[in-house]
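One structure, as structure tokens, below. Some questions next.
By letter and in written order, the chains are A, B and C; residue numbering begins at 1 in each of them.
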Amino acid sequence: MSERPSRTAARGDLGFRLGTGAFAAFLCLLVIGIGVILADQSWLSIDKFGLGFWRGTTWDPVAGEFGAFPFIWGTLYSSLLALVISTPIALGIAVFLSELSPPVLKQPLIFLTELLAAVPSIVYGLWAIYALVPLVRRLEVLCPEWLRRVPLFSGPPLGVGMLAAGLVLAVMVIPFIASVAREILKAVPVTQREAAYALGATRWEAIRMALYYGRTGIMGAVMLGLGRALGETMAVTMVIGNNPQVSLSLFAPQYTMAAVIANEFTEAAGDLYRDALVEIGLVLFTITIVINILSQLLIWSVSDQRVPRRVVPKPKPALAA
Amino acid sequence: MSSDAPAAAEAGIRIKTEVKPTSGPVPDASVAIEIQGVGIAYGDNQVVHDVTMDIPEQRVTAFIGPSGCGKSTLLRCLNRMNDLIDSARVMGKIRVKGQDIYAPGTDVIDIRRRIGMVFQKSNPFPKSIFENVVYGLRIVGVRDRATLDEACERSLRGAALWEEVRDRLKDSALSLSGGQQQRVCIARAIAVEPEILLMDEPCSALDPIATVKIEELIYALKEKYTIVIVTHNLQQAARVSDRTAFFWLGRLVEYGSTSDVFTKPREKLTEDYITGRFG
Amino acid sequence: MAIQITAHDRRRKVLSRLVEVACAGSVMLALAPLALVLYFVLSQGLPALSLAFFTNMPKPVGEPGGGMANAMIGTLILLGLAGALAVPVGIACAVYLAEYPKRRLAQAATFAADILNGVPSIVIGIFAYVIAVLPFRRFSALAGGFALGVMMIPIVVRTTEELLALVPPSLREGALALGATRGRATWSVILPAALPGIVTGVLVALARVAGETAPLLFTSFNNQFWSVRLDKPIASLTVQIFTYAIAPYEDWHRQAWAGASVLIGAMLVFSVLARTVTRRLERMHRP
């Protein structure tokens, strides 16, 4: 008599575990499925072009030419440009919010910087077309003649192009890097900064020590930003000019992997064309996964060194020094 | 000279070396820090009330008392580390060699260089032993490699650590034992040649053997530096210090030579604490 | 030596101050685009809003009175579909992760959720195209909802899992001690306790996915007419904004801004809704 309830209970528990576990398995299969399907649907292209696909610099599907190098170039160029612009700003924000901000401003500013991440990509794209591109065009027009001879600044001042794309990507990536960097700085033990101050360090010198302590995690934060930038589609495609050319110039319209898929997928006539685009998607998928995993590893490595906080009020660098 | 002279001279020398530093008042020490009517509050909560005392130069002064009595708080005011806490307010005057350290316009960086601090839990930077020790010199602008090397050796010797680490100065400071790390922190503090050394329970996180090493070090250090040490360990205070200040609930209850405070305390409260009736 | 130190010290302090100013400046620099976006939304978008905007379909260029009614309803339908997929899958998954965290499947699923979170939305669009568009040879609202749902799953999993971890273990132990199976304990005790937070998480996830454009481009595609059928292409706010934004017509640009203001307004409503629902549910559950 006492056996039966526990057996049904055990069966109930088993059912529960299998039932919910099925959903967990579904999630795993989903991710694997994405990879498998991308590989499968790009097979025609992989089979026909092999690795030469990625070395070809001419993308002219109408003429049957599928060279995807311009997209890798454009994606890497725009993302790295975005990182170069956004990292110092994001770190400045993280330092300000974790060390320098007057307490009354801290919460509102944190809220506002997180709001930056909530604005949809399409709205940033709209703003970029309206405000950023004309601004960039004006800058390009103002560019002096002697500077224009440098390949970095060559070409007609169109407004749309790599610079505009890099700028809008930077804006979108800043909140991600800043919020992770802020968490990293929070995890640096207070005693580290105290040690620096007790030796007569200025506030910047003490902050520098904290940044050094969390350097791995900060690298992870930057990689996270890179991962975001690589996959960004709408805002980029609205301002990069969508021209599959490989150019060093910031002023030149170029193309990214995500943008070409967004623009040409529905128009892709023929299986080969479509498979080529899917292959681009496959590579984008792989690169972003690798970068995201790397960034997670780097970020976690700092949290393991976390030291329990003291009960004494958390010291904040004051107006001394 | 009588034939007794050699014996008397010998006796005289012997007597001199037997003078214990803790016997009686120490009239020949000048004042390193004057604390006058100092009160400290965090926001509305006052934790230290009206403390007046003089800390003698080149002696070890111990602050003792139960947890939360304000001794660490007072210590941290001596090098203005409490500035780091927004709500902290300091009332009264603290003079170091005659200079009011809380006067407006005081160079806090300079104060903190002249008054070094060693913390409860050792906090070396995640850098090499060498870089830790010379950090204070680097930020001041010293770049000459020879100077830095010399300072590093001098400081590590002063911290009784040189022989143990001389071959691995490039190793991370975090690879050392707890006691060694604390001595790196002491070396780091004395590398900038401070006049005063503040120690906030420096041995509380260490095992007994490491503790003994540090206590011996303190004994040696007081020849060059004025030392103020906060400690929970009454035996340590008795062993190591020349003067002892007993705090209770934020007030200075008794302050005198260590032997007086421990053998003939004036206040009942002091006696109760020392005999372990509370705290 | 003392004099040298002082001059160097002055430089150090100046540098420190400059860094402080630069950090404050970077905050302002980063918030500038936010302010500008708000400015444009208010100055360009709000004036273009009218009753017609909310009730009419898109009209050809030149004809006045075009609206985005179909796009708004389309977005709502797509969100409903996405939620129908993501909420049960996400919550069930999170329950498994919370109850059996040490099992290999749970660790794999956590890893999978993190990966899925980082997959670019355009890639999810391709995936949804292959699964939901190709076999039926047509774009459809279902395909779009599927794409958005897939994107929502990791968000729901993560927020739900965090909330389930916050439920005090005494609650679960109490239920189990009374003889309840794990399933019953979860369903009748733990989930209700975490419900306010879960609802917030779902609303937040919906708000996030509502702003997505890329995965819809070749799943739900777009529709200039009124359509609520799940098996046909359907309009959505984001795709409609995109179509108008890249066109060369001033009138369409203004409508794009109007659409953007509706989108942002909706996201604001979502977050306010999330907070009020949470508070009301919390009040209900407090004994």
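Everything below uses one rule, namely that contacts are C-beta pairs under 8 Å (C-beta built on N, C-alpha and C of every residue); 3 or more make two chains touch, one makes a residue touch a chain.
Being a predicted model, the structure only gives us computed values, none of them experimental.
The greatest centre-to-centre distance from chain C, using averaged C-alpha positions, is reached by B.
Contact tally for A-B versus B-C: the pair with more C-beta pairs in contact is A-B.
The innermost chain, defined by the distance from its C-alpha mean to the mean of all protein C-alpha atoms, is A.
If you average the CA atoms of chain A and of chain C, the two centres end up 17 Å from each other.
In this assembly, the C-alpha centroid of chain A lies 50 Å from the C-alpha centroid of chain B.
Inter-chain centre distance (chain B to chain C, centres taken as mean C-alpha positions): 57 Å. Residues of chain B found to touch two or more other chains are 109-110, 139-140.
Multi-chain contact residues of chain A (touching two or more other chains): 202, 205, 321.
Multi-chain contact residues of chain C (touching two or more other chains): 12-13. Residues 5, 9, 12-13, 15-17, 19-28, 30-31, 33-34, 37-38, 41, 88-93, 95-97, 100, 109, 112-113, 115-116, 118-127, 129-131, 171, 174-175, 178, 202-205, 207, 227, 230-234, 238, 258, 261-262, 265-266, 277-278, 281, 284-285, 288-289, 292-293, 296, 321 of chain A are the ones that touch chain C when the two sit in their complex.
Contacts from chain A toward chain B in the complex involve residues 103, 189, 191-202, 205, 209, 212-213, 312-313, 315-321. Chain C meets chain A in the complex at residues 12-13, 15-16, 19-20, 22-27, 29-31, 33-34, 36-37, 40-41, 44, 88-89, 92-93, 95-97, 99-100, 103, 105-106, 108-109, 112-116, 118-127, 129-131, 150, 153, 157, 179, 181-184, 186, 207-208, 210-214, 217-218, 221, 238, 241-242, 245-246, 253, 256-257, 260, 263-264, 267.
Per the touch definition, chain C reaches chain B in the complex via residues 4-5, 8-9, 12-13. Those residues of chain B lying in contact with chain C across their complex are 107, 109-110, 139-141.
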